[in-house]
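Here come two complexes built around subunit A, the first alongside subunit B, the second alongside subunit C.
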Partner chain A sequence: MFLSVGVRFEANVEALNMVETAGNYGKHRRVPYLVEEEGKLKTVYVPAMSGESLAHAYQEHLVREALSAGLPVCDDCQRGEFYKSMNKVHLKKKVDPIPDNPKSIEEAIVKACVVEDVGGFLYAEKPPVRRSSAFQVSYALPVKSVALFATSEPQLHARHAQMDASSKKGNASEQMIYYVETGTALYGFTFNLDLDAVGVSAITSKPILDEDEIKKRREASLKALFRMLSSSQFGAKLSRFFPVGGITELVVAATDYPFVVTSPIYDDYIVKTKKRLEVLRSFGEESFLAVAGEEKVPEEALKEAIDYLHEKGAF
Partner chain B sequence: MVNTEYGGIVKMLRFFVQTKNFSYVDRIGNALNPEPVEVALLEALRAFRSIRESAPIDKNGRMYVEKDGNKIPVPGIPSDEEIKKFLDDVRSDMGVAKLVATLALAYPSRKENSGGGE
Partner chain C sequence: MVPLTLFLKVQLRPTGIIALRALPQSKMRTALRYVPPTTLIGAIAYPLLHISGNRGETTYEKKNFKSKAESVMSLFKWVTIKTEGRPKLYGSLLKINTIYRGKVQSAVTSFPFAVFYGDSTNSLTAAYFVDEDVLSESTYSTKDLERASWGITRLGSRESIVSVEDVKKGKVQLREANNVKTAYAFPFKGVNVQGKGTLQMVVDWRSGIGDYSNAKRMVMFYPEGTVEVQGRLSIAELDGEVVVLAP
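Presenting the complex of A and B:
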């Protein structure tokens, strides 16, 4: 089973993805974007959030869901440090001695950690072992039709320190002025989850875990997505730049084989997704689609999709 | 020669390269049209000014930044005429951007290796 979600969210004055600080200036991630204006294409620079940032958030939620379901998560991942068994030092914490063939290495890692099962890993030693992530996530980018109205603007902040003349050293001042570049836009992103890849070897395509364990892990990975979207706990600087806004629209499709919803950066993505699914249905493939907008809240649509997957026996 | 025409920009970009920040030089060197060059240069100048504001000064009166134990001299800010000339030239020939980025990545020749602030 394959799940694909397209999300549109409005975020005003957010600092969800900062890229670097130079002196007292913290920059928001920005990407070049091709938009049409009066029949002409032009490049504009718009605020964006990387897929890596969203993936990190998802995996943090996955840790929590897995642990509360009594599933194994390795120590590194529990701390939110997703080294993913990248070398001997990190792998040794899971399996010691380290096996000498890729199949056994993959098996040991998958058994020991749900995050590396679902989120993939790269063990860069001899022999190297690579497991693709069962979930995929795009960058969050401004919706095309309103991308020209997206802004990234620096906001001035000041940090104060109380100092009397005696404690003042050198040119340290009582006030440190700094700028935080914030973004404002209607963003869209896509999230896919291949439930068939959970607990299954990327090398042999055979299950590594028993069916019951696989089902539990699938449920945890669905709940993690639900929680991430419902709580808006993704991105950086939430403590002082929690985005003002929220999910405005969402489509969620569940299919037997990979199918990705039309990207929510296009205004007609809901209609297009429906049409594309109809074609799939005409081939006899079962599918499910739920749309959250004016009538339905995102949680309802997600819940319906999860219920559908449950009925189909995915977990 | 390019070196004298855009020397300030090359030195600034080279400073970023020395601090292991390749973002600006890559964006300028890989740009397919003038807009990304303009944006990258604007961002580079903004970041560069912030860095200069907080950079310490050594006993010879030169600004530097410490990176991995190395003291990297902070050059001067490119002049507005130089930037204007560079952007005008990029608008008519994208090769100029590529050349400037390539020079910034190259090892500086000895006679201009003095670095340092103005």
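Presenting the complex of A and C:
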């Protein structure tokens, strides 16, 4: 079973994805957009959020969901440090001595940690062992038709230090000014989750865990997505730059084999997704689609998708 | 009678960004501007293996490990892509400061990717030419291939999600020609080209996928719009469009 979700969310004055600081200036991630103006193409830079940033948030939610379901998560991942058994030092914490064949290495990692089972890993030693992530996230980018309205704007902030005459701090500055670049846009992103990958070896293609455990892990990975979207807990600087806004639209599709909803950065994404799902019917494949917008809230649409997957025996 | 070859023409819509590692198994942060054929094979291998219930990604034979995509590679005679618009290569510079158990580390890195964004809403069209002899001896059917085309989820990295907007299937005749116009990428060897485009060195997938250290390379020409190609060409016409195949 394969789940694909397209999300549109409004975020005003957000600092969800910061990159490079230059002096006291913290810059928002930006990407170039090509727009047509009077028949000519020009480039504008718009605020963006990387797929890695969203993936990190998803995996943090996955840690919590897995632990509350009594499923194993390794110490590194529990701390939100997703090294993913990248070398001997990290792998030794899971299995010691380290087996010499890739099959046993993968098995040990998958058994020890739900995050690495679902989110994949790359053990970069000899032999290297690789497991692709069962979920995929696109960048969150401004919706195409209104991209020109997206802004990134620096906000001035100041930190003050209390000082008195006897202070021997010399010429330490009494205040420091700094800028945080904030973005405002209607964003769209796509999230895919391949439920068939959970608990199954990427080498032998055989289940590593028993069916009951696999189902529990699938449920946790769905709940993690639900919680991430419903709580708007993704991106950085939420403590002081919690964006004003929320999910405005959402489509969720469930299919037997991989299928990706049309990206919500395009205005026709709901119509296109519906049409394309109809094509799958000609292959004798059942599918599910729910749209949240005016009549349905995102939670309802996601719940329906989860109910559908439950009925189909995914968990 | 001239044999006809099955083709699949797959229209892909990017989610804005395509991150293609020039050296897939290296930490070198260089990105490709255009989609190489190896990525197209990998893209269709994933849903195809999913349909057959095979989760395999890597195969290990003694000390050799290869991508499982190689098992479906021979199903294709040739693959190529048409790129509408000119993708822009962009990399954000990241300064990383970490304070980790007393140790302070600082590093600067960058994550380059091609940004596919512009006015064309269907900016990528992949063309797959199927080797029907190999297909008939495989466990896959034509229908599986067609469903797999609809199931392409990404090109390259896990952030490079695409949606398949249309799949056209048909039979095509391969023939020789000396002068054609094409918008699809083709091997830049023994040809004269008139028009704009970009040359890009890619892995010749026919020599294997997965271990790229010793893989053969080839230079591909990625046209910007339509270009005129002259030479002793092997071509196919699909849907009124010409594709130049490898010699």
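The working rule: the second predicted complex is superposed on the first by the 308 of 315 C-alpha atoms of A that agree within 3 Å, B and C clash if a C-alpha of one lies under 4 Å from a C-alpha of the other, contacts with A are read in each partner's own complex, and residues count from 1 in each chain.
Basically, a residue touches a chain if its C-beta (ideal position, glycine included) is under 8 Å from a C-beta of that chain, and two chains touch if they have at least 3 such contacts.
Since this is a predicted model, take the numbers as computed values, not measurements.
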Please work out whether A:P258 is in contact with subunit B alone, subunit C alone, both, or neither, and reply first, second, both or neither. second
Is A:P32 in contact with subunit B, with subunit C, with both, or with neither (first, second, both, neither)? both
So, A:E20: does it touch subunit B (first), subunit C (second), both, or neither? both
Comparing subunit B and subunit C in the superposed model, the one touching more of subunit A is C
So, A:F149: does it touch subunit B (first), subunit C (second), both, or neither? neither
Touching both subunit B and subunit C, residues of subunit A: 20, 30, 32, 43
Of all residues in subunit C, those that touch subunit A in their complex: 13-17, 46-47, 50-51, 53-60, 63, 65, 85, 88, 90, 92-95, 111, 115, 117-119, 121, 143, 146-148, 150-154, 158-165, 167
In the complex, subunit A touches subunit C at residues 2, 4, 19-21, 29-36, 41, 43, 50-52, 55, 101-103, 127-133, 135-139, 141, 144, 189-190, 192, 194, 196-197, 200-205, 257-263, 265-266, 268, 272-273, 276, 279-280, 283, 285
Of all residues in subunit B, which touch subunit A in the complex? 21, 23, 33, 35-36, 39, 43, 46-54
In the complex, go through subunit A and note every residue touching subunit B. 20, 22-25, 27, 30, 32, 42-43, 45
